[in-house]
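In the two assemblies presented below, chain A is common to both, partnered first by chain B and then by chain C.
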Partner chain A sequence: MLTYIIRRILYAIPIVIGVNLLTAVLFFYVNTPDDMARKILGEKNVTTAQVENWKRDHGYNLPVFFNGPEEGTAKLTETIFFKKSLPLLWFDFGRSDRNNIDIGGEIKTRMWPSLAISLPMFTFGLVLDLFLAMMLAYYRGTYLDLWGVVLAVVMMSVSTLFYIIGGQFLLGKVLKLFPISGFDTGMDSVKFLVLPVVIGVLSSLGVGVRFYRTVFLEEINKDYVRTARAKGLSEGAVLFKHALKNAMIPVLTNVVVSIPFLFYGSLIMERFFAIPGLGNFTIDAIQAQDFAIVRSMVYLGSILYIVGLILTDISYTLVDPRVRFE
Partner chain B sequence: MPVILATDLIIFFLVGAILYFVIASRKEGTLKSVRRELGKNRLAFACMVFLAFYVSVALLDSVRYRDAVIGDDGASAISEDGGVIYSPEALSLLDRMLSGMRTRTEKTYSAPFATHSYAKESMEGPDGGIVRDYPPLKYPGKHWLGTDRVGNDVLFTALKGIRTGVVIGAGTTIVIIPFAIFFGVVAGFYGGFIDDAVQYVYTTLSSIPGVLLIVAFMLLFGSSGYQGGLVSEGHIIWRAFVLNDRLFWLCVILGITSWTDLCRLIRGETLKLRELEYVQASRAFGIGRLSIIYRHIVPNVMHLVLITFVLQFSGLVLAEAILSYIGIGVGPEMGSWGNMINTARLELSREPVVWWNLLAAFAAMFALVLPANIFGDAVRDALDPRLRYR
Partner chain C sequence: MVTLLNSLRKYAGGGATIKRLSAPLGGVLLIVFLILSGGCTPNDPYRASEAGANTFYSTFFEPPKHLDPARAYSSEEYDFLAQIYEPPLQYHYLKRPYELIPSTIEEVPVPAYYGRDGKRLPHDSGPEKVSKAVYEIRVKKGVLYQDHPAFAKGPTGSPLYMNLSPSDLKGIDEVSDFKVKGTRELKSDDYILEIMRLADPEIESPVLPIFEKYILGLKEYSEALRRDLDGIRKERRAKAGLSYNQEADEKENPVILDYRKHKLPGIERVDDYTFRIILKTKYPQFVYWLAMPFFSPIPEEAHLFYKQGALADKNITIDRFPIGTGPYMMETFNPNMEIVLAGNPNFHYEEFPKEGEAGDAQKGLLKDAGVRLPFAERLVFKLEQEVIPRWNKFLQGYYDNSGITSDSFDQAVSFSAAGEAELTEAMKEKGITLQTSVRPSIYYTGFNMLDESIGGYSTEKQKLRQAISIALDFEEYIEIFNNGRGIPAMSPIPPGIFGHAEGEEGVNPYVYEWDDAKKRPFRKSLEYARKLMREAGYPNGRDKSGRPLVITFDNPWTGADSTPMINWYIKRMRLLGIQLENRTTDYNRFQEKMLKGNFQMFSWGWNADYPDPENFLFLLIGSNSKVKFQGENVSNYSNPEFDRLFKVMENMDNSPARLKIIDEMLDIAQKDSPWVWGHHPVAFGLYHRWMSNIKPNSMANNTMKYIKIDPELRKNLRGEWNSPNLWPIAIIAAILILGSVPAIISVRRKRLGKAKR
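Coming up: the complex of A and B.
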């Protein structure tokens, strides 16, 4: 088991390096530091001297991958890639281009508000999705199932923005149940969190219920379930004792991979509800064209995804005896 | 003077592909059985009619040409070097058909079917005094969905959004099809080192969160070139072609982030096909690898392409709205539902509430996405029911 985990992590290393290289090429080669400096200093009336100054102040005045004139290993270390991109590997994010803030520190403080909104959204959403999907699967073939699926398809055809804008208008403005947006620390934050969580759960309900329903139905149509029925077990026992356990395997794939992402929050939700999390941080950076922050967030997101994949594989081996440590 | 945007080619390709399927499905074969299957499904057929309407509006909005500038003497204006001067505004057939809607603008907001403006204004009364009242509209009752902040007809804006939605939904997949087929088939058929390399590339690409990759690309590439709106001479190459359409880049970028799924599916299918008897037989007969791929593998993975195409469509239309909301979607000059929502997002907090802009955008989007979802499911079920659980 331990060797399997180690091998799985080793396998992820080339991918992490690939992501690092890709972001470096994108952000330093395609978009050169000169472009960045011009964007930050304002497009017009920028002298070359100003650009050079800015590059020196922010450490962009080096070649990207290879520094010819330097001696020995300095050929490789005195480069933008080594100074700016490689430290991402040990989570040293550096400072932002525009306000010179410490990105790592910012991520550490901002991930908690993100978590405060995404964790309840994820938990309630999953429980509700699974519950409704199980209900539809239990009443499969009836009108309840039919209309449930129709409703799910309709719900997944509505834009997320509609749920957010409509929900804020209806629940926040007309019914005045919750504050429309904002954030607070401690217990006071609860009243701000209810609305985004409700809207978040609702907006993903259609996709979730429909997906889990097909998963359950596939499991229900398998041979061992028929055998269990033939033995005379009740429908409830068949579904919840036999089918549910096995249906959890595809559910797990979907769920575990998104757990690390909870730290990451949601771009849109945080923006609309003015929650000072990582999603909001990213959108601010996008709109200010702060490439150092965008680069860090791209990298962080990829790492979280890769961690999610590893966790998924490990959880597979725990729940599914057919998966061997090869 | 015709003007062809890069994204118009996507629409032309889409229409061509639809015509091809319609004609090819008359002959016996898989397509005919798919057609029979879809014909039995009345709901899917109704959705198809809906989608056909959307695609034809998009097509009408993709054929455009520029008018010559009419000089004072009534003849078309001639520039100094003897060429005819064309107006920078490239109007599409849709613009010309609905020119009434396009030109009938008001001063500002007005509710659907309203006869008077939304806000009170100081006006000169009949007796010469100043009164504050709702001024009458220039075109009372003509705006079926009201007008927006700058007085444009909302119904017209919503119709203009159709082309953008269809381009994003279809273009993204069309752009990736060649790459996905090539890499998927090559990886699955040759295996070994090539397979490892292709798998490495798509695992790396897919581990970067889609939205952020799109953001990064759009920040880097999206800000230059033609952004929509007026066409200047500098944008035109080969007399009629405008290449650097921001919408086109968005399709390419969305394609880069979403080609991995299709590639993975095709690779898996190729792995399976490679071992089938007829492929083994052609190998035994000494037929070259390339012609095996061309004759036996590629035609047998095309159903995956079609399924991915219809299933991805709706998600991409929804994604456009979100990207435009963040400010990295299609250019602000481009009519799109995302832009409509973005400019109208604060209108619900006005007093009285301006709801028609948002509702029109959401309804137009919903009316495209819902049929696309249902039709996509029907196509998948007709082509390959096993894929339902993926």
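Coming up: the complex of A and C.
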């Protein structure tokens, strides 16, 4: 297993470099260092000298990928890409371009609010998805199954934004049950989490229930389920003990890869609910043309994705003895 | 409920299922009952301990980038900075036109002018005679800084928190986490240090290029500091070799430039409480800058305290934790969530103004005359980046004030038959008040005067631009796109600024006529505009060869309103037969086009730094051209007579003679029409009934100290407005549970029933 993980990590290195390269290409295709300087220095009274000084002070006066006038390896190392991307490999994210804050510290601070909302959303969402999907499978062929599927299709057809605005309006404004938005520290944050978590769970419920229902329906028609029933096991035991365990491979494929991204937060959710998480951090950085933060977050995203894939592979071996690391 | 459960039990033919169901159903109903009977407000976003506190609650749209007064240059940043720092001057809260009054200094400085021979000149001397303007500033005695760890002293009298290492900062994340704090009196050195900081290349002050033009020797001084910085960096790079990482190195060992190594002749220290700023030219507008945060005092203790790598590593910098003498001090700086300012116990004595403009007393604005400031004990600003939640929380009473977005405009404001904006019934019922004020800004549509077809100064080109100015009906534009929140502009100078004339006198005669009966201007007819087009050589929008006149329109508009706005421009231009070609680009490309002059018509805006006509008319002088000098004259307008008059006007004090010159300048600009003058925006602000002493002040940013809140009234109204409605939830839960029962029963019967033969 260890060899397998090491091999996967080694595979990841060119992927991560490629992602960084692509981020830099896309970013500097849209924004030149001059654009960044002007945006960061402000709208008024910005002179060419100030722009040049800013670029020099922040290391954006170099060519992006290739420095022709330099000698030897310096042609590649004396570039924005090399200088800014290399420290990322050891998770040195540096400081933001627009206000000089420590990005690593900011990520550490902001991941907790992101987790505070995404972890319960993920957990409750998964449990509810599986439970309702099994219920629909259990009551298959009844009007509950029919209307459950219809409702799931309707729910998955509605945009997340509608859930957010509608949820804030109904539960926050009309029924006045929860604060419409906001966040606090410690236990005081709980009252702010309920509404986004409820909305987050509801908005993904349609997709989840419909997907898992299909998985369970496929499973409960297999021979071993018939055997279990023939042994006289109750339908609940058949579903929750036997079918659920055997349906874990598609469930894990869907779920484990998402776990690392819980740190990343939810872009729209955090903005509408004023949650100071990493999703909001990323959106703000894109709007402010802060390359230092954008490249850090993209790098983190690629690492998390790779970690998610490795975790998924490992989890397969845990639930299915037939899967081996080879 | 019992009957219902019994009948279900009967129908199911067995009690077990219903017993299982009745427990959660009863639980839900019990919770509903408890919350309904409890009288609490579960949607309250604040802690219970905050109820009834004398705290002002508001929002901020985006985290402030900088709170270093040498660097901050946006209204979002000034909202916080101006409550903490005290520049030498401030604007009178109530008086209009805007009037400067002392803040931390004895009186508003009057410059002394000196000629080349060193002799003192009379105050009204022409700028060509003045070689030195000296502003002597006398700081008030007894003004104290807020308590701050930078002032904490050890047993030997040396700073307690210097040379900090990461291990010293365990458990410290904010300035307020330091146990020991101290204070000291404000001195002239603190103002001098801040002026030197403006020249520090590491700080990147946005106003340095402006002051380099005025403060004696500042340019040379800033160049010397730049050389010092480059030298230090070069030395460090040479020492570390190829692996040198400047960012990482300076994070750990910040560069501390020695400001006193070089002489700055534009600053003279007289004594602990007196200093002089020496300008190399006459510049009467300089006093306005003394009311801006760029001239806030910074104590050297704080400057050095914040230059510690261990603190910077924790993001504890002067850019995030200001240190001032103002009425408030930073209590919590969490720009991702909230910024809390607490009252500064060391704040010097200052009272609510005893006089205002006519009508202020009748409006109750002088009720607190002479009362000590500030009124609110704390200011809490919550980050709200989306308008819908922000608006709804204002309506629930959780924010004390709000602006009005287009989405909520119809909910809040209606127009009377006379065209006056007034609050809707729903707002009036809540006791909300509306305050409007014309902002010292202009949004205009400009022409590139360097362009061959639309620019130039011939009579034909003037008439072409005048015709377009008539066709672009900004009365209609304001109505459609701004909900009526604007005033059509006659010139660049907005109302409230010296040089703006009301009534017939202020009308732009090239676009408007005056209706004597209705006492208001009206736009010249389209027929007249078409006549101008014919005279310009474009009858029906076509040139001599019959080709249509095609004009490109550059803008960075990307919002929801952008397409209708662009269509409006196209439609209005089509009325003259002109084909408008839209060229919307992202803001970066737009700026690049403006810099290179690669455009014909564009949309832009300007927000004044200070209430003087010079700050608007300089947008049209040749020496400020965008293409030639990278200035703010984006139209690249250059009229020698206009430029000559500007040079005379800019150095004059407000007087009838100055007004006469401004009138002449406006007439030249209106005739040349380098801009379609567009509109001056009007800000609409809503305030809850528990707030008082509200008077919009577009120039002052330090207005929070004047605002008064009735916390008890707010607490009661919040409770009244926010009692929860739980019955819909109970009904939905009941429907879901009861709706599932028949299916459950049917499946149970099927499973438990005998197999069919």
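Going forward, the second predicted complex is superposed on the first by the 285 of 326 C-alpha atoms of A that agree within 3 Å, B and C clash if a C-alpha of one lies under 4 Å from a C-alpha of the other, contacts with A are read in each partner's own complex, and residues count from 1 in each chain.
Going forward, a residue touches a chain if its C-beta (ideal position, glycine included) is under 8 Å from a C-beta of that chain, and two chains touch if they have at least 3 such contacts.
Just so you know, these numbers come straight off a predicted model, no measurement behind them.
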Which of chain B and chain C A:V298 touches, first, second, both or neither: first
Which of chain B and chain C A:I15 touches, first, second, both or neither: first
Which superposed partner A:Y212 touches (first chain B, second chain C, both, neither): neither
Touched partner set for A:K173, first chain B, second chain C, both or neither: both
First, second, both or neither for A:V30, with chain B first and chain C second: both
Which of chain B and chain C A:N100 touches, first, second, both or neither: second
Partner chain in contact with A:Y163 - chain B first, chain C second, else both or neither: neither
Partner chain(s) touched by A:L309 [first = chain B, second = chain C, both, neither]: first
Partner chain in contact with A:Y60 - chain B first, chain C second, else both or neither: neither
Intersection of the chain A residues that touch chain B with those that touch chain C: 30-31, 165, 168-169, 173, 271, 289
Touching residues on chain A, where the partner in the complex is chain B: 14-15, 18-19, 22-23, 26-27, 30-31, 153-154, 156-162, 165, 168-169, 173, 214-215, 218, 250, 261, 264, 267-268, 271, 282-283, 286-287, 289, 291, 294-295, 297-298, 301-302, 305-306, 309
Residues on chain A engaged by chain C in the complex (per definition of touch): 30-32, 35, 38-42, 44-50, 53-54, 57, 59, 77, 83, 87, 92, 94-95, 98-102, 105-106, 109-110, 113, 138-139, 142-144, 165, 168-169, 172-184, 188, 191-192, 235, 271-274, 276, 280-281, 284, 288-289
Chain A-facing residues of chain B, complex: 200, 203-205, 207-209, 211-213, 215-217, 219-221, 314, 318, 321-322, 325-328, 341, 345, 348-349, 358, 362, 365-366, 369-370, 373-374, 377, 388-389
Contact set on chain C toward chain A in their complex: 41-45, 47, 62-63, 65-66, 73-74, 201-202, 204, 206-210, 226, 242, 245-248, 251, 312-315, 317, 319-320, 334, 336-337, 382-386, 388-389, 392-393, 395-396, 398, 586-588, 591-592, 609, 630, 632, 722-726, 728-729, 740, 743-744, 746-747, 751
